[in-house]
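Note that the chains are named A, B, C and D in the order they appear, and that numbering of residues resets to 1 at the start of each chain.
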Amino acid sequence: MIEILMNIGFGLGVATFGFVLQTAMGGINRKIAARLQKRRGPKWYQEFIDIFKLLSKRATSHGWIFDFGVIMALGGIIGTAMFMPITSSIVAFEGYDNFFIFVYLIAVGMLGMAMSASGSGNPLASIGVMRALTTMLAYEVPFMVVVMTIIKLTGTSSLTGIAVAQQTGDFNWFMIALPLGFIVAVMSLMGMLGKKPFETYIAPAEIASGPMVEYGGKQLGMLFIMHEITIFIEVSLFVHLFLGGAETIIMFLIKYFIVYAVLNLVSNVLGRFKIDQVVTFFFKWPLFFAVVQAMIAIHLGWVI
Amino acid sequence: MSAILLIAVPLLAAFISILVKKVSPYLLLLVSLFALVYPFFMDMSDVIIGGFDSPIGINLVVNKFALTSLIAVNGLFFLVVAVNIAQYKKLSSILLVALAGLNGLLLTGDLFNLFVFIEISGIAAYLITTTNKKPLQTFNYLVAGTVGSSLYLLGLIILYNMSGTLNMADMATFVEGNGMYTLFPFLLMFIGLGVEAKLLPFNSWVKGILGHSNNLSGAMIASVYATAIALVFGKLLAGVFQIEGTLALIIALVLGITILAGEAMAYASTKAREILLYSSIAQAGIVILLFTVGLGAWATFFAIANGVSKFILFGVVNRLTEEVGSDEMDQLKGSFVNNKLIGVSFTVAALSILGLPLFFGFVVKMNSLIGFFEPDFVSNLPGGNFIFPIIILVASVIEGVYFVKLLTKLWYKDSDVKVNFTPLFKYVVVVLAVALIVFGLFQGEVEELVASLINPGGVFIWN
Amino acid sequence: MLDNIEVLQVLEIVIAVFMVVLAFLAINSKSLIKAVMFLSALSMLSVIGFVVMQAPDVAVTEAVIGSGLVTSLFVFTLLATKKVGVK
Amino acid sequence: MLQFAAIILLMLGLYGLLTQRNVIKIIISLNILEIGLNLFIISVGYFEGGLAPIFTSETPANPNFVDPLPQALVLTAIVIGVGTTALGLALARKIYQKYGTLNLDEMGEN
């Protein structure tokens, strides 16, 4: 019993770490983007200030589904983050860092979000939710194909297992071993993070920030926290799957920063797709590349 | 105590209930309760009928798999009957025949006897669907079902000609020695069962039946029958025809297309019942796929979890449709706001099918997926333990999209849709939803239960 | 002189050809009642087929049930639908 | 020879099911299919010169019976076939009452 409690405490620690890390990263990257556009940009801790300001405010409610959905979203995402390994040895629940657990657990958070947004009754929110679901449908398929290739090659679906397989030299980092798959995964990751050009479901000014349109105060703050942790989960997944995980926390931080910064830079120079363009885009080249990569890696056995 | 009672008692009761119309509903309740309780007290030994030993005579196989499936199917049957009997008193004797047929399907160890039970339960099913008041659709179902079972019989008789036996255990040893030659008859039998199991090219009847279903027929066909047929499929695929090579590839292809096409059609549909029926086509595909690749134990529980969820989903949606008069999602908008208890149970069932954690569906889906990547799991298909996880995962993603769409519509705020559910129905639905959660939380226990279905060699239990 | 077995073989061929022709007619005839009659005749022929193949008990069953009962069921249905003979 | 006829009957039955648009015709096709199937099953157990598997006072000591098992199967199959045919015809009557026609094309829905 004590052990389980310790594990849960540890897991919550991981989630908090992820939140702090990603919020700081977000701030730093806002500054980088600002420099790119010849602005000074906000302070690096601006995002913390925003979130704590929002949390201290009162909020209006739109019925119990609306409130409950927010809590479900946040709880689900924190629950997911608890399972995330940081380095190969720092895992809260050993043996449960399975890729499939993340696939299904992360859906709880998304679902809460969708429920809450539709519960608000704002048509723009519904449009946003529908677009988010459609985008998800588009990017998940190629990403799954690539990840399955990795799982098939390493013979394990545990994240630390995959990371260790890359560290011990059984495989090169999968970004090198599976170059085509890596490109696909980068595109999918941009879709997951809701970065341009795939930010269609938020689409500020077009559908008034989509699912989030009706939120304010505490609830918006909670959604921000949820958003940050989601990004933490997705980027860490990527690090573990493609960049060989990390032996030490320092390495993890470096890799994390590089991935996020590069994605941020790429997204800042791109425009926004229309929703049908998103779907056709993902089902055209990424899916094709993913399948080709899977064929090459598994059928022909050509892994660099 | 003998397993034959599970078949004989319902048949006898059916006969009595024709003679004495007044008591028939009570008799039905009593007998279906008996069928639910009885498996708990059964001995684990095969039953020989008519005094001939098993390769020659007909035998009933009672093993853990049979017991598990009997408890699941009879439990669902009892609940369906208990909830609906007040409205459909006239069908009592037919339902008793259906019960006998279903129990026979799950128990019999003889391939021809299986055909007989398919027909018995099939005829009962046609009669149950006449309550939809859509004779043309029922007729289509009847034609499809009859052709299917005829093809099954044809394949069976070719196999009999080759092997000289109709006993499943005997057939298994024969098939093992003569893999290639059993290809054609097996395909015929597969098609025949595929009609009932809603697999893709053979499921044209499903839309007509489930798209117009009522409280009784929807739950009966989509939940009880679907579970039973999936388990029968499992019995054959895991116990008799351990297929491999080209044949497995063909079948896996059919199943893969079934899954994806089913999900795609569910995604495209705007009617609540159609979403559910296409989704159940896809689920059936997944279950049989798991059986085909050799993950039989988890497939069994997949089928059961699915049956429980489908009971709730179809039960609720049919009741809503009956009251509102349409199953368009927009018409049903917000129905759950005034029925929170039902709404929550419906949500639980949908999420369990989706495979979200906390629910039974997650335990099952998760473990099946991990099963694909177990080091000692060798797929009998080229690339099998790579493509199928993708298909299942993609299917889950699509499911996620349309179930969320459905749920958000049904939970829509401010609605004037008011539907009354009977207290009994509410009670049953809530209990089932709680069961889904309980099984989802006690993951370890479920895994033990599954492990007990697998013998040390890692082969799905047969004898 | 044809001995017993050869007679049977000739009989088999004749029955086979007739059955196929009757089945074709039953499916393609324009009139429903005629189709039912062809089906009945087909069933009768199959009875002979069963006898030839040494299955007398099956033959009896088929004669009574397949030929008699089913035909009468068809006829009653056709009478009930009152559109006998047209399309 | 009868075996081939049985298979042709099976095919004809399927052909009828696919081409015919009249409810009664479909049931007739089903019946043809079933007759073909029954003949086929019997022919599986039959060989030339076999005896009917019935013991009488004239049965020789070491009888050369045809396989009796398919015959038993066919008996069951015939009875089941009649059941489905009767049910199908009852449904045909219901369909006629509802739509006023037996032709699937004239019903305006599928």
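Just so we're on the same page, contacts are C-beta pairs under 8 Å (C-beta built on N, C-alpha and C of every residue); 3 or more make two chains touch, one makes a residue touch a chain.
Computed from a predicted structure; not experimentally measured.
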Between subunit A and subunit D, the fewest steps along chains that touch one another: 2
Inter-chain pair with the most contacting C-beta pairs: C-D
Cα-centroid distance, subunit A relative to subunit C, in whole angstrom: 70
Between subunit B and subunit D, centroid-to-centroid distance (C-alpha), Å: 29
Intercentroid distance (Cα basis), subunit D paired with subunit C, Å: 10
Subunit B and subunit C, separation of their C-alpha mean positions in angstrom: 39
Two or more partner chains touched - positions in subunit D: 92
Chain contact topology (line, ring, star, complete or other): line
Interchain pairs in contact, sorted by label: A-B, B-D, C-D
Subunit B to subunit A touching residues, read off their complex: 351, 354-357, 362, 365-366, 369-370, 373, 375, 383, 385-386, 389-390, 393-394, 396-398, 400-401, 404-405, 407-409, 411-414
Residue numbers on subunit A that touch subunit B, as the complex places them: 62-63, 65, 79, 98, 100-101, 103-105, 107-108, 110-111, 114-115, 118-119, 121, 126, 129-130, 133-134, 136-137, 140-141, 144-145, 148-149, 151-152, 155-157, 294, 298-299
Touching residues on subunit D, where the partner in the complex is subunit C: 1-2, 4-5, 8-9, 12-13, 15-16, 19-20, 22, 24-25, 27-29, 31-32, 35-36, 38-39, 42-43, 46, 48-54, 66, 71, 74-75, 78-79, 81-82, 85-86, 89, 92-93, 96, 102-103
Contact footprint of subunit B on subunit D as seen in their complex: 10, 14, 17, 23, 26, 30, 33-34, 37, 40-41, 44, 69-70, 73, 76-77, 80, 83-84, 87-88, 91-92, 94-95, 98-99, 104, 107, 109-110
Subunit C residues touching subunit D - in the complex, by the definition given at the top: 5, 9, 12-13, 15-17, 19-20, 23-24, 26-27, 32, 35-36, 39, 42-43, 46, 49-50, 52-58, 61-62, 65-66, 69-70, 73-74, 76-78, 80-81, 83, 87
